[in-house]
Amino acid sequence: MALDKNELAQLVAGDIPDGAYVNLGIGQPTSIARYLSPESGVILHTENGMLGMGEVVPAERADWDLTNAGKQPVTELPGAAYFHHADSFSMMRGGHLDVCVMGAFQVSAGGDLANWHTGAADAIPAVGGAMDLAAGAKQVWVMMTLFTKSGEPKLVPACTYPLTGKACVTRVYTEVATFHITPEGVRVTATYGIGIEELATRLDMPLLA
Amino acid sequence: MRTRIVDALTAVEEVKDGDTVLVGGFGMAGMPVELIDALIEHGAGDLTIVSNNAGNGDTGLAALLAAGRVRKMVCSFPRQSDSWVFDGLYRAGKIELELVPQGNLAERMRAAGAGIGAFYCPTGVGTPIAEGRETRVIDGREYVLEYPIRGDVALIRAHVADRLGNLVYRKTARNFGPVMATAATITIAQVSKIVEVGELDPETVVTPSIYVNRLVEVA
Amino acid sequence: MRTRIVDALTAVEEVKDGDTVLVGGFGMAGMPVELIDALIEHGAGDLTIVSNNAGNGDTGLAALLAAGRVRKMVCSFPRQSDSWVFDGLYRAGKIELELVPQGNLAERMRAAGAGIGAFYCPTGVGTPIAEGRETRVIDGREYVLEYPIRGDVALIRAHVADRLGNLVYRKTARNFGPVMATAATITIAQVSKIVEVGELDPETVVTPSIYVNRLVEVA
Amino acid sequence: MALDKNELAQLVAGDIPDGAYVNLGIGQPTSIARYLSPESGVILHTENGMLGMGEVVPAERADWDLTNAGKQPVTELPGAAYFHHADSFSMMRGGHLDVCVMGAFQVSAGGDLANWHTGAADAIPAVGGAMDLAAGAKQVWVMMTLFTKSGEPKLVPACTYPLTGKACVTRVYTEVATFHITPEGVRVTATYGIGIEELATRLDMPLLA
């Protein structure tokens, strides 16, 4: 059976190595934090300038000088550190983050990522730190639904939306299957409520098992 | 030269029509709201504003935009749930937008402050951001050439200053402040408190006084 | 990944022949003497050492040089009143020297740590340092193209660490430590004291734990 | 009468504007600090990572974690700040220091500076932060003797020693005369125990008065 959002977040959390420094993108990936145990020693980075970020807190407990990249109020964990934006993005661009997890509109079979712009002519473009993360993290994982609401695949032979980064995604986590993007091709690492043949047909691309 | 302690309106008096103004903050954290209000009252127009976002709600940067003072926004993330002022101006063709990835925004200002003429950056390679820009392969990796962003003025918010102009920040409100302070000809810092010289621990100063020209205390 | 707290000899066990080792310190301030002693004991050779100076007296870096382990020095100021070990090796043709202006040394390591492919720098234009290098005029000013300096290993000294690897420094002993920590594959920090997680103020951490792989306490 | 070293240091100190951020080079320029009054508000930078540097102290009062660029022990003044080398040299290169004062082997009529290498084949080269200061400070002043021990001028039509920086020096302070290097030429601003004609003859260059 397909995973629900919480199960998917838990699955990703379980794959993050102990002690890793991790950036969780705005939106769905933020929920992964709930499934990271303190014993794992995973340390969360937020690009607005902090390592050791804690949980999202409700507005009534907010300190508005302490927010995540989505501008939600968060907490500070013991061992945290603050730094300015140039230092924060140097950390990202310099390849020091072990993993970042982002949402996506599309991921290509070659690991290209499109998650900032639908290409619609009237859309106001906004990119934030997505391109910096795509270019900088040691591993870029994507967490998304595998199909759009109208049933179009989001894991595609080539992205049709404007790119965020080229050949950067190494893993894709979806509600019906998980994938590793490898030099040999796209490898299915697990399926949930869907057969691999049906998956290959719906995605219209060769899949390694 | 010596940092002057002044009120907000005096602090912004040197801003001229056509200036590039760096505005600190990430959302509202670190946003120098009172300095922006003073800039609106001051009246300078035809401004280029460099800031991560393009205003929230109807106050601060959004109010400056609504007052028609801004010719161009340079930012990484203009589109937000409450960026209706910018959205309206943009769709009406009344404001220019230069979209810059967030890290490039920081690094380009850092370059301005650090005397770097340009730098090769891996961010945005193969994306629309890199279109028309010079690229180069170095050690097998492709980079885009990025140029400094300088400000005539920077408006930033810090937590505590000493009377010399040394600054410390508070939590993630630090964000762009320390970088913008280095990148502008005149840096104006709004702080919650000004203390005597010697009250800040020299090990913990984030922005040294050399980068701060005007201090405004907003309790 | 998690910072390991180890003894000095264990800390340097991954250094290999031919490695580039960044060594902190400006003169003796911030010099990781015990880590260098461990490196000598460890025995790796054919090293490239990147450090501001080329050793003082007969201990520390000078002892490493005297032991014949260093193929090349990359530094800004090898010649000092007590740099007789380096002087002798250099005059005997037994060591290579790449002389780098002090700020370029820092900025090139900063670039390595920050993922910058290369940068245009005004330092050294029109001097022998710029000979044979690519130059470019940007906005009417001439710059030299400078490339990153990466380390396989960095040996630095800080003041206090927490068990995660967050570091604070002491006075001008901070010098190259924070930059080198970002520029090496493995960063080893020698500190006077290791405290529990939570004992350092997050506002005052200079080197965040992400940059520190091994901690050695030398009381 | 020619100035002695202390008088020269005092003269330079008197020309530094109140509130200026200043870097004093290794050696003779370091002595200028003795003639800067606290009321002047002049703040000293040392390139190894500090603003608000105080006086040089004897070894018995030394804190060896607190030294100047010449590795002498110094004190910390109220309002000081520490920073790392990349930040310190960004401050220099970025044009934030109002004045730096350095010694020199030679200064050219066009403001070229030579102070790091005599060009001797067997000399071990060492540059330190001199090139960064030459390229970065808003004003580069030189403090030197006007003639070598063998009587050769050090203010010359063109430097014969390897350069530290091109067209960077704006003022030259010597024991017998002070000069401004201007787009129009070298202007003598004061003489001490020497006539301007003798000066022009010995320097073998046109001088503006």
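Labels for the chains are A, B, C and D, by order of writing; each one numbers its residues from 1.
What we mean here is this: contacts are C-beta pairs under 8 Å (C-beta built on N, C-alpha and C of every residue); 3 or more make two chains touch, one makes a residue touch a chain.
Chain labels with UniProt names: A, D = 3-oxoadipate CoA-transferase, beta subunit; B, C = 3-oxoadipate CoA-transferase, alpha subunit.
What you see is a predicted model, and the numbers here were worked out from it, not measured in a lab.
Peer 1: Out of curiosity, which chains are bumping into both chain A and chain C?
Peer 2: B
Peer 1: Could you compare the number of C-beta pairs in contact for A-B with that for B-D and name the larger?
Peer 2: A-B
Peer 1: How far is the middle of chain C from the middle of chain D, if each middle is the mean of its Cα atoms, in Å?
Peer 2: Taking the average C-alpha coordinate of chain C and of chain D, the gap between them is 28 Å.
Peer 1: Which integer distance in Å separates the CA centroid of chain A from that of chain D?
Peer 2: Here chain A and chain D have centroids separated by 53 Å.
Peer 1: Quick one: report the Å distance separating chain B from chain D, using the average Cα coordinate of each chain.
Peer 2: 34
Peer 1: Two-or-more-chain contact residues of chain A, please, as numbers and ranges.
Peer 2: Expected reply: 50, 76, 82-83, 90, 92-93, 135-136.
Peer 1: Where in chain C do residues touch at least two different other chains?
Peer 2: 107, 110, 114-116, 121-122, 169-171, 203
Peer 1: Could you run through all the chain pairs that touch each other?
Peer 2: Chain pairs that touch: A-B, A-C, B-C, B-D, C-D.
Peer 1: Which residues of chain C touch chain A once you look at their complex with the stated criterion?
Peer 2: Against chain A, chain C makes touches at 1-2, 110, 112-116, 162, 164, 166, 182, 197-198, 200, 202-203, 205, 208-211.
Peer 1: What part of chain A is in contact with chain B in the complex they form?
Peer 2: Spelled out, the residues of chain A in touch with chain B are 46-50, 63-67, 71, 76, 82-86, 88-90, 92-93, 112, 117, 122, 124-132, 135-136, 162-166.
Peer 1: Touching chain D in the complex: which residues of chain C?
Peer 2: 26-30, 76-80, 86-87, 90-91, 97, 99, 101-107, 109-110, 121-129, 169-179, 206
Peer 1: Hey, which residues of chain B end up touching chain C in the complex?
Peer 2: 107, 111, 114-122, 136, 138-139, 141, 143, 147, 168-171, 201-204
Peer 1: Which chain D residues qualify as touching chain B in the complex?
Peer 2: 17-21, 41, 43, 45, 50-52, 76, 78-83, 90-98, 135-136
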